[in-house]
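Input: one structure, supplied below.
Labels A, B and C are assigned to the chains in the order they are written; within every chain, residues are numbered from 1.
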Amino acid sequence: MKDFKNRDILSGKDFERDEIDYILEIGKKMGNNEYPKILDGKILATLFFEPSTRTRLSFESAMLRLGGKVVGFQSRDVSSIKKGETIADTIRTVQNYSDIIVMRHSLEGVDRMAAKFSTVPVINAGSGPSEHPTQGLLDLLTIKEECGTIDGLNIGLCGDLKYGRTVHSLSYLLCNYEVNLYFISPDSLKMRARVVDWLRKKQLKFKETEKFRDILPLLDVLYMTRIQAERFVDKEEYEKVKGVYIFRKKDLTETRDNFRLMHPLPRIDEISTSVDDSKKAIYFKQAKYGMYLRMALLGLVLKGNDFMRNL
Amino acid sequence: MKDFKNRDILSGKDFERDEIDYILEIGKKMGNNEYPKILDGKILATLFFEPSTRTRLSFESAMLRLGGKVVGFQSRDVSSIKKGETIADTIRTVQNYSDIIVMRHSLEGVDRMAAKFSTVPVINAGSGPSEHPTQGLLDLLTIKEECGTIDGLNIGLCGDLKYGRTVHSLSYLLCNYEVNLYFISPDSLKMRARVVDWLRKKQLKFKETEKFRDILPLLDVLYMTRIQAERFVDKEEYEKVKGVYIFRKKDLTETRDNFRLMHPLPRIDEISTSVDDSKKAIYFKQAKYGMYLRMALLGLVLKGNDFMRNL
Amino acid sequence: MKDFKNRDILSGKDFERDEIDYILEIGKKMGNNEYPKILDGKILATLFFEPSTRTRLSFESAMLRLGGKVVGFQSRDVSSIKKGETIADTIRTVQNYSDIIVMRHSLEGVDRMAAKFSTVPVINAGSGPSEHPTQGLLDLLTIKEECGTIDGLNIGLCGDLKYGRTVHSLSYLLCNYEVNLYFISPDSLKMRARVVDWLRKKQLKFKETEKFRDILPLLDVLYMTRIQAERFVDKEEYEKVKGVYIFRKKDLTETRDNFRLMHPLPRIDEISTSVDDSKKAIYFKQAKYGMYLRMALLGLVLKGNDFMRNL
């Protein structure tokens, strides 16, 4: 396995199975142990050009718990980008002040350009509608720990599969496992072609459908995502279909005993709050696994694969 | 006395006298000692949905001085609240990344809802026009240290008593002491009914009046607050009364030797800057006591009542 | 030499030559050594009322690398300034929560007023169009390290010399060295009178010209700055001259072997990106020297001139 030290984390496509399994193993350990201060003296720069609660705070908390420190900005408007500076120049500046950069930007491809210019590793924390690989990894950690396995599961991804960056990264990552995927979306928000092409190349089995209720009894995992009204070209179509993409408490009765309901959050109304108390609802646990997963990634990228060896 | 460990700090009504006295005693010690790093390994999340200078910075500085660390956001707009996430979901996320949450929000009651959902303790750092209990506690610490006592004092609260959250929390807290309160405000901004009802129930003596100058010679403490022009229904009334609510240098001559002038800040023009140099003006000292008080609270809530025992 | 301990850093005019040389010597050492945690227990407050990437992040990173901690705000809108508080009151508050204040503000003179009110040292991180002394110091550190000397050099300052705060502070600082200065700007953006007067008083040699290409073969250092279109009274003049203030790759052929091209950044289009790879382009190195220089300043002001003695 290649060493993670100094690797950029940009896409769900960048990982082999043994690498993912290793990240998940370290992530699990992070949740079970006292936090060792292995990143003492290291500085993380968080460059968030789009709003974030979970991703930024969990990365920052992960860094702090491992003994590292954080600088950064929470909004485009407080940076020199506001004065017209390019991302390339911003990166070539910030790399001088930090040992690793975590970046979120509304434009696809900016993460890759940043990595090209940066002398320190770059982690993509959301690149427009394209990818969000650390979310995909934490989703896998959640599935592994809560379902006991990833292989063999029937997993449904539901909602806006065209613009939802989390489902893209998760799909890429799942190509390394033996799963049956179900893509559930309105016709106008179907899984984007480039992801579908990749899955076909990797021979991952998937089916496309419009309604999760038709296949709910089959599923081990249903991963809901936000559908934003403004994504619909035809507003009438939105009004017609939106109820189809809300998971309600009574839907739980149609699910398997081992069924688990996930969501990358934020949720608007795709999952009724009356579902929250069910043991099948694990979306808040996902948020917690996110911190452990990010601790694992920061340790691996800054210290290399053996960083837990001497703990 | 109940242990403070893991208690939420939401309202001035939530404290018994011995509890307040104990907090003030610890706060005083914090000002007199080297800062012990007792909160090493702990993380504070500061969630500020409204602007703040004193409260956020003093909480963060308090946490850092005790060896802890901080994550958070300074504005609603950089969080997922901007994407439509509820406060409940935000709290259930952030509790995974932190050991304690300090929150300011423009809506009354959000603090209590947050505490209900949170598995980690929540401190209310300002809940709309309703309460600001840590401000009330630091006001008491200031009075205790600068006047030598709280019992027996004549204390005037002046300005916007209807929407001013600091005077509400302070009034609730003062129910535990033997004081004479004077509520000084225009008729349309009188102390809100629910506070008055509570004081009556607690048998705290208070009088209501419209002009501080009428009672100034009686007062040991005058606590000024901002009156915002937009609070007045009748703009003409505002123009008529506003001069009545400005404390000027010459007013000092009417005050007792031991008189002290307080203000939660920010001040606009309620106190003339020519008063600032008087030893009777203690509003900037208040800001300093605020840090010590918040160190005491963070220590008590995170470590329990005995946290100073082994120092 | 006067001790730097507790000194405010407000203007390029405030330094003697031996003081600057000492700062540069410490700055160089900071770049060559492991970072010692000499500022453990100290807190820096960064008060940025204008956007910043380099200055804020390099100050914060400098503080963290030396073992200190940081509180602050990244934007005016999240502070009580938004509620109408004065800078004087903000400073008298924040000084209670920090050991040193770094401030950027759009108005000239605010830095000096802040220093007057503050009981802790204040560092000016940009005061409107007036000064930016720590930028001037890092520019000198860059020249010293990259050119081997400051004395004897021909240095061109090009662009908006009227409103560009960095060139003002740098000019003041250069009065302590034997250099030939060339001020290159359109007539309407000539070096401001108060700077020119100071240079004359200090007998620093300078010439004024409109085009850098005329003198390029003479120069050891060319320091480019942004020209903002909106600074021109006459938009037609701007359209006429703007090409004259862009450094292009072919311009390199006219320069000396030891020529170095600098820029305080952010750059918009004053330097073509095709120049970036030249070893003569040192503007990204400048950003790195900025962190070392600020580590030196924080150490000197918080710990005094001997702070490196025991390392």
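Here is the rule we use: a contact is a pair of C-beta atoms (placed from the backbone, for glycine too) under 8 Å apart; a residue touches a chain by one contact, two chains touch by 3 or more.
Treat the numbers as computed from the prediction; the structure is a model and nothing was measured.
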Task: Shortest walk length in steps over touching chains, chain B through to chain C - done: 1
- [ ] Using only the C-alpha atoms, find the rotation that maps chain A onto chain B and quote its angle between 0 and 180 degrees, to the nearest 5.
- [x] 120
Open item on the list: Counting only Cα atoms for the centres, state how far chain A is from chain C in Å.
Closed with: 40
Open item on the list: By the touch rule stated above, which residues of chain C touch at least two different other chains?
Closed with: 74-75
Task: chain C - residues contacting chain B, complex - done: 41, 43, 45, 69, 71-75, 77-85, 88-90, 92-94, 96-98
TODO: Under the touch definition given earlier, write down the residues of chain C that touch chain A in their complex.
DONE: 35, 48, 51-54, 57-58, 60-61, 64-65, 70, 74-75, 265-268, 273, 284, 287-288, 290-291
